[in-house]
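My questions will all concern the structure given below.
Here the chain labels run A, B, C and D in written order, and each chain numbers its own residues starting at 1.
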Amino acid sequence: MRMLIKNGTIVTAADSFAGDVWIVDGTIVAIADARQRAAFAAEREIDAAGKYVMPGGIDVHTHLDMPFMGTTSRDDFQTGTIAAAHGGTTTIVDFAIQARGQSLRAALDAWHAKAEGKAAIDYGFHMIVSDVNPSSLEEMGGLGAEGVTSYKLFTAYPGALYSDDGQILRAMQRARDLGALVSLHAENGIAINVLIEQAVARGERAPRYHATTRPEVTEAEATHRALCLAEVAGAPVYIVHLTAARALEEVVRFRDRGLPVYAETCPQYLFCSTDDLEREGFEGAKYVCSPPMRPRAMQEELWRGLRTGHLQVVATDHCPFDFVGQKEMGREVFTRIPNGMPTIETRLLLVWDGGVRAGRFGPSRFVEMMATAPAKLFGLYPRKGSVAVGADADLVVWDPDREQSLAARALHMRVDYSPYEGRTVRGAPTHVLSRGTVIVEDGKFLGRPGAGRFVKRSGYAPA
Amino acid sequence: MRMLIKNGTIVTAADSFAGDVWIVDGTIVAIADARQRAAFAAEREIDAAGKYVMPGGIDVHTHLDMPFMGTTSRDDFQTGTIAAAHGGTTTIVDFAIQARGQSLRAALDAWHAKAEGKAAIDYGFHMIVSDVNPSSLEEMGGLGAEGVTSYKLFTAYPGALYSDDGQILRAMQRARDLGALVSLHAENGIAINVLIEQAVARGERAPRYHATTRPEVTEAEATHRALCLAEVAGAPVYIVHLTAARALEEVVRFRDRGLPVYAETCPQYLFCSTDDLEREGFEGAKYVCSPPMRPRAMQEELWRGLRTGHLQVVATDHCPFDFVGQKEMGREVFTRIPNGMPTIETRLLLVWDGGVRAGRFGPSRFVEMMATAPAKLFGLYPRKGSVAVGADADLVVWDPDREQSLAARALHMRVDYSPYEGRTVRGAPTHVLSRGTVIVEDGKFLGRPGAGRFVKRSGYAPA
Amino acid sequence: MRMLIKNGTIVTAADSFAGDVWIVDGTIVAIADARQRAAFAAEREIDAAGKYVMPGGIDVHTHLDMPFMGTTSRDDFQTGTIAAAHGGTTTIVDFAIQARGQSLRAALDAWHAKAEGKAAIDYGFHMIVSDVNPSSLEEMGGLGAEGVTSYKLFTAYPGALYSDDGQILRAMQRARDLGALVSLHAENGIAINVLIEQAVARGERAPRYHATTRPEVTEAEATHRALCLAEVAGAPVYIVHLTAARALEEVVRFRDRGLPVYAETCPQYLFCSTDDLEREGFEGAKYVCSPPMRPRAMQEELWRGLRTGHLQVVATDHCPFDFVGQKEMGREVFTRIPNGMPTIETRLLLVWDGGVRAGRFGPSRFVEMMATAPAKLFGLYPRKGSVAVGADADLVVWDPDREQSLAARALHMRVDYSPYEGRTVRGAPTHVLSRGTVIVEDGKFLGRPGAGRFVKRSGYAPA
Amino acid sequence: MRMLIKNGTIVTAADSFAGDVWIVDGTIVAIADARQRAAFAAEREIDAAGKYVMPGGIDVHTHLDMPFMGTTSRDDFQTGTIAAAHGGTTTIVDFAIQARGQSLRAALDAWHAKAEGKAAIDYGFHMIVSDVNPSSLEEMGGLGAEGVTSYKLFTAYPGALYSDDGQILRAMQRARDLGALVSLHAENGIAINVLIEQAVARGERAPRYHATTRPEVTEAEATHRALCLAEVAGAPVYIVHLTAARALEEVVRFRDRGLPVYAETCPQYLFCSTDDLEREGFEGAKYVCSPPMRPRAMQEELWRGLRTGHLQVVATDHCPFDFVGQKEMGREVFTRIPNGMPTIETRLLLVWDGGVRAGRFGPSRFVEMMATAPAKLFGLYPRKGSVAVGADADLVVWDPDREQSLAARALHMRVDYSPYEGRTVRGAPTHVLSRGTVIVEDGKFLGRPGAGRFVKRSGYAPA
């Protein structure tokens, strides 16, 4: 199967130039000038005139079909990956979760079972280690060969996903030796639990108290701690969903010292705020996730972090719960509101609109944070993450003038609300290709559940 | 009893001027010009010509008669306070230690019993809370009335003195409400234990590995965490025995933001270093204490902290163990070396010599860090801590030209070695007064065990 | 003449305690307990019960009878010092100004002539060197013996008071050798002149453009430059009227490194803002001074600087011009508004109210920034600046409950407006003493023009 | 003319992958998989197996045929560009210098005359404005159309190249409006001249005093000033030859705030130090350039800046003077040693060896700092600076195993010494192409003087 994407502006994390992309059997075989076109007999052509041709989005932070807080995130690997594809994302890395007492093996098998036959785009797994002990540390040694080369630990959620500092240190040391990368959910869960208990005792039960009981400084503290432990271990570290300006300040300090410290933020922190948590009635519940919404002024700090490069990645932490029946579990007290928001489909749309269209950065920087940087950090590169010869033809043809409503009914995620209801963005994909197959064209899904393949990732290899 | 100290240069934390001190019944009743002397009929006169008259030293960090690591610190309240007096210290605040499961009440009683009838100078108690729980939090409410208005918690020593972040937060909140001050021993004990286990497994058993397993970043981390938790609590915090330049950097950041954050360092960190830990044979054991010795270059950072005022207090963490029989317990492995060094007698001597004589700061700053600042932070002021009308006549007459050997045999602490063997300093007390009584004169102890009284301290009241 | 101030709370920069002050012939001879009172036969007694007894205020930044911008500041040494006394200030250091081509000698003589027979309180002179050249550098050597031990240079006002970086460096080196202190007016005057020219060309002529043409960064730049030049010279430096948060940030950086760097701010920057510059009509002209008003949010940064000690002094930059006839010179264009505001009388009143009463700091810190710190930095100490035996009895008896209107008609400065019209503060002096003589009592001036003496200051001697 | 570079590893600032480069008439027309090779009939093939194919180096800081300090830099556009080509550099941007009183036009004409018919590689010109005045500001408006879109100003060299802060501000404002970029040589020349005068008066005449009279803080000061002026102007700024750690600290502060601030360093600051200046005899003169050599420890700070991206470019400041006859002019006093060092040929060699081979960063980062970043900042992109379709085929085929001596006799610059005599590096070009023509192959120059063309550069366009 030979395909030509012609006349587009090809964008990589470094370059932007007019050219054609030649694809054979799902792989990019050339990037060429139009005058060479005669040399390539294509069976199908896509005309990208006036559009950008970019690597498909890579979302390294999703939670599909995840049991959490007594319920399960609504999107499974079928609905979630189809929604992702609609938004221009062609690879996700989801989190397999080791339950306490369970083996990593069992956890990984469970997640493979969830994805198998359902995923419409390629996918990988990080492993959440809830139980760092000699056995699980030993088991980590075998996962690399299976393509699982990253781990996530929590300073939040004591009694559940939480690891203590010794466990984190040991896991980082082990990951360092294996060439794997450790991610941290960095909030001081133990201090937060005290604040929650006290708030609830004072009768503070509405959604907005989800934020007041997780103050900025608890995120800054845990972030600094994670960076320090990584420094002790001599290991790289990746902070997921960084939210607070002061947490970013810690990341900046370590990065300016030259340490291999990375951080992602998510669209909801760039576009929503505590104002949303305080919406009338129980509406605020739609914006409950952890870390929580921050004051509106903090959004600009995060955009600045993206512009300066101190934040490397925008991922989603996609974890959708219906307002009806799920978010409502917390009507009586915010602690029972399932934490999570739907974003897997809107990531590129929002960041293009707020980042590129708004003039904060250019298309190359967009590609870097949406695809190239996560691909490199998490071992998907060079197979994924760029428009380059030899890479998978995971591509989006992006029309900077296409408008897209973010209303729930205009989107494809399996969730009964949109945090961005009423908002329209400009800039959207006209074609999305997964390994050379057009899976979305002009808003129609042309792919197939089960066509997505598990991707064995290589280890962390800093540039 | 009416006493006159005449012709001296009186030094307070702010001022320095020629004058006489008039004392009646142990209290300063006037500071006067020599020409007013006729108006005061003194029964005893001390001529302080050419000398400084300063408030007696206040050492807010001592461990006398303390059971630790399977043995007991050598100095008890008799030998320790006599040694302190020789060095110009007239008040100490020692640490009563709640054992796990014990009440604060019982701990306080036990420490009162240790001191009663033995102390040669006035003393108070901080309370180490090893077991923060509803009962001990409740008990804190009663201690203020008994003059115990400060608490110490540990992020070090898991399984023993360690409190988790929730316990620390709750204790800080409680202390805030009571007007009490929380101190922190800030090292990440959980991470350190991992490093120790790994080092010992590698055969690293000599004293110098005490430092390599407690790297600077573990102190910086715990310091930042303590400051963050205090910020969450809206409480002041005091970091004991700050040692690492990077921990100081954290303190500076919070202080520059205007938060009520305080820190002490100790003479051993100003004068000793990892070079001492690496001395031949088992000599390094003499320098084992926690936090550990740091590289020599860090001394200058601590002096700078004292000069800029970011470090407010020099205390001792006096906790002496004999080399023979005690330090030797760790000959096989450094983890069994009792942590602690003897310093109660040499604090003023060392800091005057290295600070004032060396030109790093003047006598007023010396007085501030040795007496006034600790008095104010820990509720001893205005009774103690300055040369002021109405204050206890706890005074030292200090001869800047008097030389003093720091050899073990020239000192009075009950311990079989000196970390400063062979060193002579210039600047030493000729007279030390406790509430108007001369207890040391020209190197002779004239006081009496049991003459020291327990001082009820008032709460933390920032200037 | 023997005087007793009894029953007050005596406040120094370090201490606060109940006591009497004994004064003989204008000098403090004792600070004593009430029970010693019988020993002192006083001819006059002041009862300070319920009040504070503090050192008289020292204002190290005044411009009396100064020719500037084609007119002359309204207060001369008579009216200005009487107003100062009313507000509790007992010593000023004014600026003698060397005109280009003039000798320092001639400038000093001219300023002596202005003050002689007029000043109601003691006074000293700094020397503004407008013409740093071999001759003026040589002349600096003789001024110390005459009690002039501080110099001021400008990076502002090119063509008038401006010195280039080489001149500043040479003056700092010379001052260092002489034990003198160099002050800097730190704004980048050359860049500002470009902005002014451009603004005026755009028709921006109202008072508010005085601030927009002197943006914060021009102050931060010049401050950093002054600190760097002092570092090159190995000399201390004192930044006058620091206004901008970013300039403070530069000062903090250098101070945290331990360098001898000092800064003052002024009441107008703590209480006024660009909001005042933008008042209707031409009212904004009343708030034109340099550096200019800053946004209101910056006030809190300056208060924080005072609390942390990074700002050491509050002085006034008192330089009053009538609204009618003087400020009005700039009705057509802001560049002709004489720069300056009246503050000499209200300094202690404002800072007590906004600092001590508002709970930002206590009376000792107030004394330190109002009297002790400027006295020490500028060689007035120990004669001035504290309540200490042997010091001049320059004292204020301060009633924390006394209310004082800041309306122009309630004040004594020779100027036709008050920037604080309509504002009442709480906390004011009941008695002001200059060398033991009561010169203000309950709002009445009892002193005498000409009673103030020139004070020979000693050199800069850091604590 | 159709050329194929096959089997290499193509490296861009973002990507690295196996591929062929197809070139037609000097332009890259495709980057393709080997299996597409049949479709491209090449007249010449280069086998790059085992080698990297990278964009040719771009050196944006050279001084060829420059009159300076009474002599002229030895390399002219012929010898200099041939040497550059040997080292893998295919484009330079040299500095045309406006003399005081001269028009920019005349300066540009003069430099065109120097290059015309001589340059062996493509070249552009920055314009040094020595005389910022209404006429030269006006003239700037016309230069963009001629392809001169960047300006350089000096805070150094008063009386010669120096501009005052007002001139710098006006030039920055003008450049901002024109879409041009201003570079700064940031040393405080006025302060330095004072230090030089004083040093020489003390008899300090040897080469090493070149460094002591230009202390680090004078560079940090001028750097901060330049950044502040750019902030006032709302303009980007580029600091040339950044040398001092504290200057870098200033750059980092502004960059972390998100401002468009850029800086370059040079190989001599990464590899030489004050140790070299202190070499025996007059050898130190070989290392005299401005800013001067810094202590050896500072090299690591610069490498860190390159790794973190806070330094964006490595350029050379190539300005060679013979030891015999030129450097010797300063035998009597260092002020007469012509400032400058030869580096145009060794830039890629040194930075690959010390950067990539030493493991400090990877090939993509190397390409970014050597070619892509300078191309983008200075308007050469996308024509130059990457391996991309449509770009000039300015390429190097780089053999990571090729060894190269840095002895003077092994190099091609017209200068009688090498600062790196005796040093061998690993990693060197086997082929260098200028617009598709092989101009260097295996160390032989195959190009032609005069083949290099003047490149009209577009304006500054941040990514």
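The criterion applied here is as follows: a residue touches a chain if its C-beta (ideal position, glycine included) is under 8 Å from a C-beta of that chain, and two chains touch if they have at least 3 such contacts.
Fair warning: this is a prediction, and the values are worked out from it, not measured in the lab.
Visitor: Looking at the contacts, which chains touch chain A and chain D alike?
Guide: none
Visitor: If contact pairs are compared by residue number, which of C-D, A-B or A-D agrees with B-C in over half of them?
Guide: Most of the B-C contacts reappear at A-D.
Visitor: Where the CA atoms of chain C average out and where those of chain D average out, how many Å apart are those spots?
Guide: Comparing mean C-alpha positions, chain D is 51 Å from chain C.
Visitor: Counting only Cα atoms for the centres, state how far chain A is from chain C in Å.
Guide: 57
Visitor: Can you list the residues of chain D that touch 2 or more other chains?
Guide: If we look for residues of chain D contacting two or more partner chains, we find none.
Visitor: Quick one: in the complex, what on chain B touches chain C?
Guide: 10, 12-19, 22, 24, 27, 29-33, 35-36, 39-40, 252, 255-258, 304, 307-310, 361-362, 364-365, 368, 372, 382, 386, 388-391, 462-463
Visitor: In the complex, go through chain C and note every residue touching chain D.
Guide: Contacts found on chain C: 164-166, 169-170, 188, 190-191, 193-195, 215, 217-218, 220-221, 224-225, 228-229, 231-232.
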